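Next come two complexes built around chain A: one with chain B, the other with chain C.
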Partner chain A sequence: MSSTTLEPRTERSGAAVRPPKKRRPPVLPWTLLLPSLVVLGVLVGYPIVRLVVMSFQKYERAQLMGQPAEWVGFDNYAQVLTDVDGFWTVLLRSFLFMVVCVALTMLIGTLVALLMMRLGKGFRLLVSIGLLLAWAMPALAGTVVWGWIFDSDYGVVNNLLTKITGENWLGHAWLINPLLFFTVATIIIVWGAVPFVAFTMYAGLTQIPGEVLEAAQLDGAGPVKRFRLIMVPYVRSIITVLVVLSIIWDLRVFTQIYALQDIGGIREQTNTIGVYIYQMGMAQGHYGLAGAISVIFVFIMLAISFYYVRQTVREEEL
Partner chain B sequence: MSTISTTPVAAVRHASPSAAKPAVRKSRETRRKKAANIVYAILAIVVFVGSAFPVYWMINTSFLPANLIRGSELHYFPTPETFTLRNYESAILSEDRAAFLPALGNSLAVTLFTLLVAMLLGFLASLAVTRFRFKGRRAFILAILVVQMIPGEAMMISIFRIIDGWQLLNTIIGLGIVYVSGVLPFTIWTLRGFVNGVPAELEEAAMIDGCSRGKAFWKITFPLLAPGLVATGVFAFIQAWNEFVMALIIMSRPDSMTLPVWLRTFLQATQATNWGAVMAGAVLIAIPVVIFFLIVQGRMTGGLVSGAVKG
Partner chain C sequence: MKRNRLVATSVASTITLALALTACSTGGNDNGSGEGEAATGDIRVWLNGSDTPDAAREYLKTTFEEENPGSTLTIEEQSWTGLVDKLTTSLSGSDSPDVVEVGNTQSPAFTSAGFFREITEEEFQSLGGDDLLQGFVEAGDWDEKHYALPYYAGSRAVFYSPSAIGSDITVPATLDEYVELGKSLKTDSRSGVYWPGQDWYNALPFIWENGGFIAEQNDAGEWEGGFSSEGGLAGLAQVQDLMTNASLAPKDGQETDLQVPFCEGKVAFLSAPTWIQWSINAPEEPETPDGVPGCASTYGGDLTAFPLPGKEAGTTAQVFAGGSNIAVAQKSNNPELAFKAFEIMMSDEYQTILAENGLIPAKVSLASAVPQDNPIAQAGVAAAANTRLTPASPKWADVEAQNVLQSAFTKIANGDDVKTVAAELDAKIEEILNS
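Take a look at the complex of A and B:
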């Protein structure tokens, strides 16, 4: 099948009486691919090469201005990987944040999906509308709105807390304390990510044949058992893909953290890996070091997505 | 929906195990079902409020005058007396370091550029990988998949340097080509799915009836692809419209900002005190996205689910 013909793929043998084809180079498909290949080669491939090269060079502001860059071998990597207070702290922080976000997103998303299965049409529509609104909000606009909700002086949260607890919460700055900063960040991320998980899980769960669930119920399986023994195995591959995608998205989070820092966080104590690369490279001008961190980051992401890619290749029968 | 009777926590207490007369059991069953439904309804409202509140609060605040926003009482609804468009005025007419209208123009230009180029290139490439078998096809599709896993956050340093080297910083083309390269893999991947959904036999039938290959494609396959093209285009639009990181580093000059960068700058310029105007800005940015998103939302999850359920 890998012979290079210009025929449509669903060729039926013997259906047509054509003269036997010589193997021709596949001009047409490659012509169709060429523009995309050029764009991706120049703006993805080339930057990767430049990134790797830069990570082996001493590259600071002066080099950006035109001074020749000096090769330093693995110096940048050595410096990054021995930087416990910088790189390792940021990496650990990013992973912890990711784990909490992914766990909460999956838990709440699944519960919402199960709820949607039990709801009547009207309430299901209501839930769907709410989820769609949260899902559609642009990340930056959403973060800014949450920043306003948690505003120290006039935000809803402090106002309501003051009314409910009777204590004075006005002026309480949520974002100054790193732990509370990440609590707010977690709320923002989970709020934005639950809709996708809930809708996907719901779509998957509704495809489980009703007879199977009914049979299980007749056999005396309670709701928890039905979920654990029937539903989960059915949607296992969906769950795995959702978890992997969530890990990838939450690990590379940038906009929400960066904007929250703008609104009132302390950058040094709240950087995640993406924001750290920005600070290191764009803000402070240590391009070589930022390059080394970026290369490490790319490897981490590719390693994590390996499963997803393999799964997709298998399912799509490429 | 709940034909299968369930025993949620709230209803469990009422369900004594004593087997009574069928009639009694039946009424107990209905009562239990009713209680369950009430619990589900409450949970549904909680989910709705939790999801929609920030969106609502953004809109609500954007119509409130500054003195009420900064008052000690919360105003949950805009009333005819308090309703004001002042916030929109100050957002749209914002000057100084952050002007809204030029940013809107930049965003529209770069989004349209991305949309047109990515759709055209993606469409051609998706045809190549679906309607032809050739050496390197599988490798190309795999590359498309892997490229999507490379975080843009890691690439920003070298992309900045490359765009800088080409003297394309602060230009629509500069940001546009970066966006095209970012959106293209996803576009090809999605369009590939849609083209695969149109059987090639249809084209062949038309060719047997005397159509040329190109004409058969144009007359038969293309119209069937239209919904897929629209959906994919909307996704490309949303991604380019929302993108923040690359815009932040490539469009740093005040007159070349896109809307997300404008919102961030506007927030800083107002020192996070003029929340009404900032919310108005957020509304203006979110409106087109929400509208387009609602149009195509049904296609978002479909791809992931189809064929992913065992059984």
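Take a look at the complex of A and C:
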């Protein structure tokens, strides 16, 4: 991507300085790019090709063991796209869940970053350590611990509620209601995602020149105005990257949901797209169908990323 | 500045793409043994849960390593949850385990797709032949060939501790009495019958005793679900009655770590596989670092059991014939050694150890090795006399893998309308079995 956007510029500047010459193939850049291209080709390219091929085949467990797969054209895609109760419901659910998670992650992350700018050295270190610990926690371990916190019989939450309200909350199942299941899931995901957003935002916000903010203050801009009109435009590209990353991470979330479904809840009412693909492929052995869902999903993600990336590039060029 | 941001954006999106697309890659092949010397190697045996007693594990390892000098055997314990997924990925990869245990109802998913090495008729005869548990042999056959053999059968009994609920308790004679007694034993802090919502195995006897069924094939060969049948609905109603009026267990909980509430005295009746006795009647301070604490000095000490009663007085309920099959992996790196380990596990000595620990051995002739002197073993044997299986379809494993029954019974525990749940459940099962 960077090569295509940068190319016209070098061409232009070359034309201005030197008289036109015969173009030689740019050997050096491609040589330098080669190692990473090979790695990307093996790690990203091959799986994608395999996935796309598989999505046009009837690929079940027997095919895993070497039986030839039968080509079925667009059958898998047709089956997925007409499955309203399955695919579309799960997709809609994933989107709603993603929107809530991204909004909360960005909001809390930014607030924590702003807090860190105001804090003294000691407290800032304390907050940083706390964030780092949450960030370092593997998703699976984190989910299991949160599962214990919300455990029906022995969980902290139920015990506290019993003590505070005086009513018997023990045995209350938090995960059985899909809405509450996703509330717990949101807590787990936002808790795990805030540190990255907070650190990145903090890094960005501290780069804003102090004199600009000071000038704005002298001109009578209040804290809200300074944030909205000075700080946000300065870190806009960072925000864009963070939002795109969060959208993609939260859309394809797997570990947290999968582990939480083991702890409790009703699977068919709590599947998100990542878990759904896994169930279709790994659990039931319909690899062709799962492949088709994955390809559709990749296109959706590409569309989202493309929109935001183009948006950024356009703003840069203004 | 401009350029930096551009680069940052493109780098970020590349990383994202890489993350998004390589999340499922697997790798690693730690078996680099030379092909010339196939005589020695490391054999990996996958056993599930804590069902196989430690004595048997020890025997398998030492016997194998004595008989095959230079080779080693590693037992890797897998969890029953998500087993089908895990076996599918590992058995088809280059890092396949050599000998695997698989639930009897899960076998067809693997035998039908060629995941297991074929067991020839000759080998079959030498490993037990007609002496092997017939239903489990059938579960491991495909296309009239043997692929997986019986490992052990389990059975379920209803456990209780007289010191927890009083020694004057009369064992219920019929299923209806069991339901009534269970409800009357419930207090604010104690379950009459402890029943986590995802535990569907325990629900099957209620369906069968009331005349219902899971799914049956009609004349046209189509599968039809039976939870909405008259008997099925009557059974589900009884299940819901117990789950909501006798149990304080989590409505969406799994049937794991059942000894914890039992040892706290929070449980009157516990219907569970017979090997749960070793978890309950265990010392409070585990002897091994990874041991699980039990309560041998309190409720574990006087633990006893009875078989779940049937609809008519004097009968036992038809229960689910749970158990395992074992097989040699098709992609084992050391098929010959793997088969030797397999032979040890099918041997009379090994199977006797299983029997002595209360499991029903794979060979009918060894059944007498199950201890007859204690009530729990007797209850287990009595329950095992009247067993039924899940529908004999290779797609049944998919029903289990999708957790269809867990979800349905969670809804029933939650008090949802039985008729609606049954209709949805039947539709789902029919959809999968007929696909």
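One rule holds for everything that comes next: the second predicted complex is superposed on the first by the 255 of 318 C-alpha atoms of A that agree within 3 Å, B and C clash if a C-alpha of one lies under 4 Å from a C-alpha of the other, contacts with A are read in each partner's own complex, and residues count from 1 in each chain.
Keep in mind that, in the parts below, a residue touches a chain if its C-beta (ideal position, glycine included) is under 8 Å from a C-beta of that chain, and two chains touch if they have at least 3 such contacts.
Because the structure is predicted, anything quoted here is derived from the model rather than measured.
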Worksheet item: Can A:L33 be said to touch chain B (first), chain C (second), both, or neither?
Response: first
Worksheet item: Looking at the overlay, what does A:I248 touch: chain B (first), chain C (second), both, or neither?
Response: both
Item to complete: Look at A:L43 in the shared chain and tell me whether it touches chain B only, chain C only, both, or neither; answer first, second, both or neither.
Response: both
Practice prompt. Would you check which partner chain A:S305 touches, where first means chain B only, second means chain C only, and both and neither mean what they say?
Written response: both
Worksheet item: Between chain B and chain C, which makes contact with more of the residues in chain A?
Response: B
Worksheet item: Touch check for A:G264: first (chain B), second (chain C), both, or neither?
Response: both
Worksheet item: Taking the superposition as given, does A:L64 touch the first partner, chain B, the second, chain C, both, or neither?
Response: both
Worksheet entry | Overlapping contact positions on chain A, where the chain C interface meets the chain B interface | 1-2, 5-6, 40, 43-44, 47-48, 64, 151, 153, 237, 241, 248, 252, 254, 262, 264, 278, 282, 298, 301, 305, 309, 312-313
Item to complete: Spell out the part of chain B that touches chain A in their complex, as residue ranges.
Response: 1-2, 4, 6-8, 36-37, 40-41, 43-45, 47-52, 54-55, 57-58, 61, 69-72, 74, 120-122, 124-125, 127-135, 137-138, 140-143, 145-147, 149-162, 164, 177-178, 180-181, 184-185, 188, 199-201, 203-204, 241-242, 244-245, 248-249, 260, 263-264, 267-268, 272, 275, 278-279, 282, 285-286, 289-290, 293-294, 297, 300-302, 304-305, 307-311
Worksheet item: In the complex of these two chains, what residues of chain A are touching chain C?
Response: 1-2, 5-6, 40, 43-44, 47-48, 60-62, 64-67, 151-153, 168, 171, 173, 175-176, 237, 240-241, 244-245, 248-249, 252, 254, 262, 264-269, 278-279, 282-285, 298, 301, 305, 309, 312-313, 316
Item to complete: Would you mind writing out the residues of chain C in touch with chain A in their complex?
Response: 2-3, 5-10, 12-14, 16-25, 81-82, 84-85, 88-89, 92, 109-110, 112-115, 188, 197, 248-254, 261, 330-331, 398, 401-403, 406-407, 410-411, 414, 432
Practice prompt. Could you pull out which chain A residues touch chain B in their complex?
Written response: 1-6, 8-10, 26, 28-30, 32-33, 35-37, 39-40, 42-44, 46-48, 50-51, 54, 64, 112, 115, 117-121, 123-124, 126-127, 129-142, 144-149, 151, 153-154, 156, 159-160, 170, 191, 194-196, 199-200, 203-204, 207-209, 213-214, 217, 222-223, 233-238, 241, 248, 251-252, 254-255, 258-259, 262-264, 273-274, 277-278, 281-282, 287, 290-291, 294-295, 297-298, 301-302, 305, 308-309, 312-313, 315, 318
